[in-house]
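Labels A, B and C are assigned to the chains in the order they are written; within every chain, residues are numbered from 1.
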Amino acid sequence: MNYEIKLDIFEGPLDLLLYLIRKNEIDICNIPIALITEQYLAHLGMMHSLNLDLAGEYLVLASTLVHIKSKMLLPPAEGEDEDEEGEDPRAELVQQLLEYQMFKEAALGLEDRPLLERDVFTRGAPGEAESAAEEEAMIEVGIFELVEAFRRIIAGLDHPEQLAIDAQKLSLADRINEIMDRLSEEKQTTFAELLGETADRRRIVYTFLAILELMKLRMIRAFQVGPFGAIRLFLSVEE
Amino acid sequence: MGGGMTVMEEKVAIIEALIFASETPLTAERVMEIMPGAEKKEIVSLVGELVRQYGQRGGGICLREVAGGFQFQTRAELAPWIRKLKAVRPAMLSPAALETLAVVAYRQPLVKAEIDRIRGVDVSGALKGLLEKKIVRIVGRKDVPGKPIIYGTTRKFLEVFNLRDLSELPTLRELKDLHE
Amino acid sequence: MGGGMTVMEEKVAIIEALIFASETPLTAERVMEIMPGAEKKEIVSLVGELVRQYGQRGGGICLREVAGGFQFQTRAELAPWIRKLKAVRPAMLSPAALETLAVVAYRQPLVKAEIDRIRGVDVSGALKGLLEKKIVRIVGRKDVPGKPIIYGTTRKFLEVFNLRDLSELPTLRELKDLHE
């Protein structure tokens, strides 16, 4: 047995399968499923005996292989029409393997490019004649950095659970911003006006929740004339 | 402008200095903002002349088109010397990260579940590393139940892999065997 | 070696690339460490030749002796253009501003005291910067003693981060999924 050394460098079950196909010099479109299944399971057994962490995906593919193998052993069922008879149980797996192989090659293609900081380097020093480095360090940000920054902050808090974000809270913030925009422009508005023409159920709910939140925060006041009259909204504090 | 050691036209000198001083590849659009009155066509042709000059000269640096802009870089063949200067092993992406990146680059915009499916493993770790390195970014959310996050590559991806734009990615090997 | 556009000697090209890539002015001693076999006298003369070439050329960059070593710099007369290049950098934020913005984005609408409490520092400066950049705005005032100002994000915030609306912001749970 000489595969031990290979074990930890597989990028996943598909990678292991591709390795076995290459090692056996098999046509990927015509995999001898019994042989490959046997070798695949042997590898898994070895990984297990070496106490390597077996990701669940390896086991899923193992069961897929076993399933395909059993399907191929069965004689075609009675009364099956020709189309189904022609269906190769390996087809889906082959397609998946080909697709994966294509991206694996693409990854190697990327690695072959002249890479920044490996093959090519840009100017190392601050390039200006007079250094304009007196500004504080600036960084360019994306959404990921934003949420990561928030996660960092609340990780250091005593009661992080109070600060969990959910999509609902954010939708609410959207509506709150819209309502406050409208009020700062028009001084007053009504519930009906805020809903606009769309009678989207979610929008109605969030608009209502936003109004409640704004009242709770004492940012707006709501008045109603009569039991079924229009609900009028005003800013609590004039700007 | 003329080649060689003849004194350079002022406009070309300014563009050269701007490209040199810029932290990221400098686009013609940015040059136009800085030098009002310069037309895009003119800028592109002057930069082209600079690229040609540096190429002919065969020195240690060259001027390349990257991520839609222009950037001075050391010549790739000299990398061993520069690595010796920097005395650091290049921070390479792991094979898992490269595979994940390849899927994102060619199939973008796409959701994580699609990357998981193609690679046949959970790509959480690799994806997070790529996000942290700012090679991959969150593009938005898909308008389907659960609103999954959509990923794509960044400008930095183009810079790191020395690509003019995404269309410069080599075409994927044909999937002819796939669909009959 | 010859001037002008004649192809450069390899040794000179290496030195040029090293100077270009070095973060600090490159000394002849450092070059000797990197290129064993090169003598100091030879290196000094080759660098001198490079300095002369760049000087004659009158381009946008020059090679100067700084702090006992050599460094490429933009030509001093072109400084006004470089300052223009560096002046506005859109969508760039300091880490303090980013954290403050994150709190506002995810907890809005909220008062400054709340941001101070969450970040554990006085955020006056960072908040002012965000207001000036028009990424954060005053949403309104609270009708309680002191009439504290309530803050929220702007439409520009959505534009900068490429979001359709706030609900497109990733949640912490989604981030945690990436952490595995």
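Structural remarks
Heads up, the rule we're going with is that a residue touches a chain if its C-beta (ideal position, glycine included) is under 8 Å from a C-beta of that chain, and two chains touch if they have at least 3 such contacts.
These figures come from a predicted structure and were not determined experimentally.
Farthest from chain C in terms of Cα centroid separation is A.
Closest to the middle of the protein, by Cα centroid, lies chain B. Centroid to centroid, with C-alpha atoms defining each point, chain A and chain B lie 24 Å apart. Chain B and chain C, compared by their mean Cα positions, are separated by 17 Å. We define each chain's centre as the mean of its Cα atoms; on that basis chain A and chain C are separated by 29 Å.
Residue positions 17, 20-22, 61, 72, 74-75, 78, 82, 86, 162-163, 167, 170, 174 of chain C each touch two or more of the other chains.
Residue positions 121-123, 127-128, 140, 142-144, 148, 167 of chain A are each in touch with at least two other chains.
Every residue of chain C that touches chain A in the complex is listed here, in rising order: 17, 20-25, 61, 71-76, 78-79, 82-83, 86, 89, 91-95, 98-99, 101-103, 105-109, 118-120, 139-144, 147, 150, 152-153, 161-163, 165-167, 169-175. Touching chain C in their complex are the following residues of chain B: 3-5, 7-8, 12-22, 26, 30, 34-35, 53, 56-61, 72, 74-75, 78, 81-82, 84-86, 122, 124-125, 127-128, 131, 138-141, 147, 149. Of all residues in chain A, only 121-125, 127-130, 132, 136-154, 156-157, 163-167, 169-171, 173-174, 176-177, 180, 183-184, 214, 217-221, 235-237, 239 touch chain C in the complex they form.
Of all residues in chain A, those touching chain B in their complex are 9, 11-15, 28-29, 55, 57, 61, 95-96, 98-100, 102-111, 113-123, 127-128, 140, 142-144, 148, 167.
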